[in-house]
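Lettered A, B, C and D in written order, each chain numbered from 1.
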Amino acid sequence: MKQWNEKCAVVGTYNVDNAALKSYYALFAMQHRGQEASGISSSDGKKIYTHKGNGLVTKVFNEKNLKKLLGKISIGHNRYSTAGKESLDDAQPLFARYNLGEISIVHNGNLTNADFIRSQLIEAGAIFQSYLDTENLIHLIAQNKKEKLLDRIIDSIKVIDGAYALIFLSRRKMFAIRDPYGLRPLCLGKITNEDGSIGYITASESCAFDLVGAEYIREVNPGEMLIFEGIGEKIVTLTSLQVLPPRPYPCVFEFIYFARPDSKVFGKNVYEVRKNLGKELAKEYKIPADMVIPVPDSGVAAAIGFAKESGIDFELGIIRNHYVGRTFIEPTQSARELKVRLKLNPIAELIKDKEIIVIDDSIVRGTTSKQIIKILKIAGAKKVHLLISSPQTISPCYYGVDTPNSNELICATHSLEEVRKFIEADTLGFLSLEGLKRSIGTTHHNFCQACFDKNYVDDYTKGKK
Amino acid sequence: MKQWNEKCAVVGTYNVDNAALKSYYALFAMQHRGQEASGISSSDGKKIYTHKGNGLVTKVFNEKNLKKLLGKISIGHNRYSTAGKESLDDAQPLFARYNLGEISIVHNGNLTNADFIRSQLIEAGAIFQSYLDTENLIHLIAQNKKEKLLDRIIDSIKVIDGAYALIFLSRRKMFAIRDPYGLRPLCLGKITNEDGSIGYITASESCAFDLVGAEYIREVNPGEMLIFEGIGEKIVTLTSLQVLPPRPYPCVFEFIYFARPDSKVFGKNVYEVRKNLGKELAKEYKIPADMVIPVPDSGVAAAIGFAKESGIDFELGIIRNHYVGRTFIEPTQSARELKVRLKLNPIAELIKDKEIIVIDDSIVRGTTSKQIIKILKIAGAKKVHLLISSPQTISPCYYGVDTPNSNELICATHSLEEVRKFIEADTLGFLSLEGLKRSIGTTHHNFCQACFDKNYVDDYTKGKK
Amino acid sequence: MKQWNEKCAVVGTYNVDNAALKSYYALFAMQHRGQEASGISSSDGKKIYTHKGNGLVTKVFNEKNLKKLLGKISIGHNRYSTAGKESLDDAQPLFARYNLGEISIVHNGNLTNADFIRSQLIEAGAIFQSYLDTENLIHLIAQNKKEKLLDRIIDSIKVIDGAYALIFLSRRKMFAIRDPYGLRPLCLGKITNEDGSIGYITASESCAFDLVGAEYIREVNPGEMLIFEGIGEKIVTLTSLQVLPPRPYPCVFEFIYFARPDSKVFGKNVYEVRKNLGKELAKEYKIPADMVIPVPDSGVAAAIGFAKESGIDFELGIIRNHYVGRTFIEPTQSARELKVRLKLNPIAELIKDKEIIVIDDSIVRGTTSKQIIKILKIAGAKKVHLLISSPQTISPCYYGVDTPNSNELICATHSLEEVRKFIEADTLGFLSLEGLKRSIGTTHHNFCQACFDKNYVDDYTKGKK
Amino acid sequence: MKQWNEKCAVVGTYNVDNAALKSYYALFAMQHRGQEASGISSSDGKKIYTHKGNGLVTKVFNEKNLKKLLGKISIGHNRYSTAGKESLDDAQPLFARYNLGEISIVHNGNLTNADFIRSQLIEAGAIFQSYLDTENLIHLIAQNKKEKLLDRIIDSIKVIDGAYALIFLSRRKMFAIRDPYGLRPLCLGKITNEDGSIGYITASESCAFDLVGAEYIREVNPGEMLIFEGIGEKIVTLTSLQVLPPRPYPCVFEFIYFARPDSKVFGKNVYEVRKNLGKELAKEYKIPADMVIPVPDSGVAAAIGFAKESGIDFELGIIRNHYVGRTFIEPTQSARELKVRLKLNPIAELIKDKEIIVIDDSIVRGTTSKQIIKILKIAGAKKVHLLISSPQTISPCYYGVDTPNSNELICATHSLEEVRKFIEADTLGFLSLEGLKRSIGTTHHNFCQACFDKNYVDDYTKGKK
């Protein structure tokens, strides 16, 4: 039984004024990472308060319920939307009372040995009230006999495999940990309170820092744990522990699609990397055309880079409608291209009789690309060349991304030419793996790009490679 | 930390068509026992389905969510409303996955040693996600090493003290248990399905049976466990196990106030008992008056009995408004008697210049009685004699009833004459303990009447008495 | 096209503190007269404020929207629920800006020549935005050329036929009018404000007065208009104008079913009249039986009267469930008697092997009576004698009551014996017209009882009789 | 008393399958023109059906209520959001029954002599139930004595002044009219039904056509009325009547800000015009800079044009958060720039130590511009040159745009240098009136640009100029 902790957002704030409100703003800034559910736990040093619910951050929280989240420490979570499953039991933070008191956890990622650990825990007499792999961690901590929570967390972390950016909240402390591969992002910032005292924030993306006036310090390192202590005392102590030896393979898809362009993840600005993807793409595909247009919003930065490198005019030739929501009355089968048109509409006057290059970030099933090309052709485009700012997606992700199985990935089952024909593009091109590497530039480590090359990070650690 | 499982309703159905719908109707019939939250778990033999929420049965359930509760077995629960606390985490049924599979529990009553057991469980590494004492049972069962659920339930029951009517649902079986004192009611009925097959229902009150066309069989005995097995097989097996030796002291207050008059509890019809309470009251208080009127709806049956015994005319002299709900805009302090008038309004033309006997079931703080007498006097009553169809409430309940502390019980802290003066009645009388006994009639055992005489049932078992 | 203003409630308050809140309480007390929609208009002397919505009074209003209804004058309305039609456009009060300023109207009753007047108004260029016959009045007033609103209202009243209790609110005055037959009730009360100043209230039923601490003065007379003036001045002027010559025929059904037992309508207490109906019924039907039980709540008072006159024991043998609401999941066809059982459940232990007299207020289609008798027989009743505290309903109402057509009234199309057989009663009896008259007692006028005898009041005025 | 029909959207469909659904999609495409309320009327030839409500199109409509809007004709409306006023009475379409049957109206624009006409109508006995100037038209039509609706509409149109795009729906016909200045846009399209029959659509913007698969035909001309007849007959008749002599002065602000870039209004594509605004701006302001960035989304097209003309790099340096909604918990006073940051966040890594040109469409009060510049400076920008793709807004609009009074328009009350200092820009520049003209290109007429030059169109007609 596979359970995903898909693309999510986590945040933690320590020793900051209105801690829960700060987490609220941070979650709002990271809303793009998860729209299904949202939740915040806070602590005033004596008790942990939790509120969570289904829906957008702005729906789940209001002034009344935020005010009940007392204290200067808080953690928060946005949950990614997966079709057909809306269970409040699976919203985070996950809170419990146990033998050391109270604990609350948020998690972005996916634990690859969760089923095995769960079955062991159940064998030992644990009961499970959610489908979250995160619930394992609470049980591991509760059943551990050591006296200090820190030791128990470290023991528990050593048992789990997979991808995680985790934040633990006890009544007086906070712990932030990233898996040894550093698959999911987590960064650290500093907040200066109104009275001049110093607090900290840790979040999946740095765009969360801007909204709460925090200063970016650095990434949490792969395998590193940050321990925040001393609430109520004169000085907050921030300790770094290298819990697990780092084997850095951060997820390259954060650059390609997930993260907001104004965020810094893995130490690099996303917008700049995306522009580079477009520039590299332009070096690899020299196609004469009247203009280059992005599929909004995901293709915009790459298209700007492509235009600059190629000298072809950049145009915002497709307009996106941002009002589409869950309650939309969908059209019937008979007008299938309407579905994409609800979100995207081309500017016919601009496109008519023109040869255009369209930039998108990736192709999954190919159906959306096919519809986009169709509406461009209906609008009068003479030729449509679709260029993708990443390599062909041929293998699923096991580290927290909700990709379909291989047999649903069109590039895994079809040749480039077959895909081109299916989507009815005049040209179809993907960025090479080398181009991808060049776009990111110099780093001291590699990235996980298993979705493109099938080299899964734990194959390395498990000796499979 | 005391946590109440206040006056609630439970139901279980086994091998019946539309099991969840049947539980829905049963919960609806028992809505008077709990309005805060409601929930149902069902099983189709493979999986347990649960839906619960805050509010009335008709608010929590709709056709869509009921249809998802598949199968021919189900359990349900109504939760009593307590001021200021509306946590969905504390709604029932309580569901968990554990080492024997899946389990769901509903509980009416209060476990008196819950805090002690909880601290032991937590010490042993259990985590708690609710404030319900019922959560103890799931952990006791999960941590037990025996192979069969039945044995684990029996072991667990032997550990807990207090009052309980419990129903356990596994994927294929159902277990119903009543505490050895039989403090809370639980009765058994039979349902004939459309195809002629036989199913069972067990519920707090027999009024639930009428609505689903079930036939009353008998009470579940104190200390008895009923085991329902054989779903999908030709014949359902219903086994009785005397798990704990019976020491019957059922709660006399079910007769006085809690149960619906059309229910049979502890083997007796509630309406008949209440009429007897009124008759005995009439024998004890021979007051000349123009009429006897009940405080609706709780005093009606006793007032009918009083009128018959005394020969004084019965009149429905106070009209009750049934539209009062949670959202009512309350009047300000300055018009305090308005609060009771929102619910109750006297018929002035009937009462004017008359001497009246008013029958109510009990007095807690005395404030409501005071206001009722006030509006009757304003309406022109010459004299108001308030007679209560139970003895003076002088001590709190520890077995599942949400009574205030002794110092808030006016009869615990004031003499009869002081209370009479406070409520401004011309006469104030309570039924004697002997009158109460006579009203119920011959039984082979006593009732728990600790709220009237401070003789708590576990004092007997613990050798305190 | 017939449009009903069915059984509704109206209220008006003049020169009282928190006028809108007072109307809110009054509408709450009269909730039984209409649950579909509710609304209040108020005035602070400068501007009229209105809020209305679908649902119960407690749903439509909250502290926030009530606070916006400023001023010391207000009118309010409860609308009766009719199947399948929930249009906010047809909620009252009806507000408009016109050439004398602003006006708001509430209406209980039915205008019998509404279609004719509407077609004339439309011919003259009026536009209609609701289906309410009340909208006619606003147009009649707006198109009138006289200078004073009072004169325009009088002219308009003279044009309309039918049943009405109307209250008009201008920015500084209030006008209450009852039709010349006095078909629908309207009474007048006095309120003493906290500063000792005097205000007034007028409402359909006097039960509304009790809740706001008002003193009953008298009925508004048939054909009388009350004019309330002088807001903000030292003394409020209350003027009486006999606008139309009185021909009193008030609706006898208010006594039989509509009004609350604690109300005074047409100068008499409803509970007392209903008891008399039961007493007269006992004189007309001398049937030996073990007990007399009411169909709750409507038959209670008559059953008490019947028991007293006959000497047969009164018992509350059927228990009513007050939690039934709109959102209930209805049972399927196969269990038809469940529908009545959701509301009413007999006490089997009381009824078993007994001969019982059941008292109800009226029979419309006969299906409910049939089901009630069925559940009593299932509960074990030996014989069921159904006695109705009113004559046979044989003709529809045109004056504001939502009765079905004659062909749906079982007593209009079937003999007494046929009806008895259909409902499967052992005896079926109705109160005689003479018995009905005796129950009400001496009055200086007759009552409209066209539903029983087909003598419609405007047949008299139109010379048809 | 001024009442605005602010920037809104209208649509009408005639003889098309699922007419109401088509209007729904069209309103969805034009959601940017109004988010306060939405509504649709449809007709099946016999009856007009209406549904309207507050909120976004997707909130107001669901499958259930859309299905009740029967027929092949429909009109729809989106209402613009204005602070603090959410009255359902003022939602459109406005429906009424009158002496020719039934009528429903939608209106985009503002009638400048509405108060005068309303007072005349009220004088004549009309009643008003909304604050909409559109209600005038229904009264004018209802009071007109001519036999045909067409004649009455023409008479009514001749009485009103101001800006309007109006669509009237009777039970069998539809009428679309644009004011003689053509201030508000309205265009005509053709829809081919599945059976091959031809239907029509008319809407404020052509982007609505794309979503329903309609073909753009042309603009409705200033002063022209289109009459759609013949529903149910073989051929639909589309007649054009020049009701009023055209004096074309369409609103230039539709190009600058209102319309969607993928729409054609006044015969020209909005995106192309906006790019030209940017190009002209680049010709007028030759400032050396590292990059040009738009304020998203309104400044994007102009910034693309500016970049192309100037040769300076285009960058999407500010990221917009699209999740901001009404329910957002706003920050307190102390962090004022947070308000703009909720929507807009700069990419610090891109901007740091750079000299940037920022393109926005207009400046109203100057506070937003000030905050944008502030967050860019905080992000490290060396110099910020703000260039506006329109002239200085110095005078309010009376033709349907919700601009503040002159004294709140910063450019009306302050010199260019004062404004520059206030917003703390290093350079501040506006497009010249000549540049604006050149951007739009050759037309046979002028545009209304009263907000820039105070030359109001009816001053011409009234001889003031």
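We adopt the following convention: contacts are C-beta pairs under 8 Å (C-beta built on N, C-alpha and C of every residue); 3 or more make two chains touch, one makes a residue touch a chain.
Heads up on the chains, UniProt names are A, B, C, D = Amidophosphoribosyltransferase.
No experiment lies behind these values; they were computed from the predicted model shown.
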Touching chain C and also chain D, the following chains: none
Same or different residue numbers at the chain A/chain B copy interface, by half rule: same
Mean-CA-position distance for chain D and chain A (Å): 37
Euclidean distance of C-alpha centroids - chain B vs chain D, Å: 62
Rounded Å distance between chain A and chain B, as computed from the means of their C-alpha atoms: 50
Sites on chain D at which at least two other chains make contact: none
Chain contact graph, described as a line, ring, star, complete graph or other shape: ring
Pairwise chain contacts, counting only pairs that touch as defined: A-B, A-D, B-C, C-D
Of chain D, residues touching chain A in the complex: 21, 24-25, 28-29, 31-32, 56-59, 61-63, 66, 194, 207, 210-211, 213, 260-262, 264, 269, 271-272, 300-301, 304, 307-308, 313-316, 319, 321-325, 327-329, 331, 334-335, 338, 341-342, 345-350
Residues of chain D touching chain C in the complex: 88, 95-99, 122-129, 138-139, 142-144
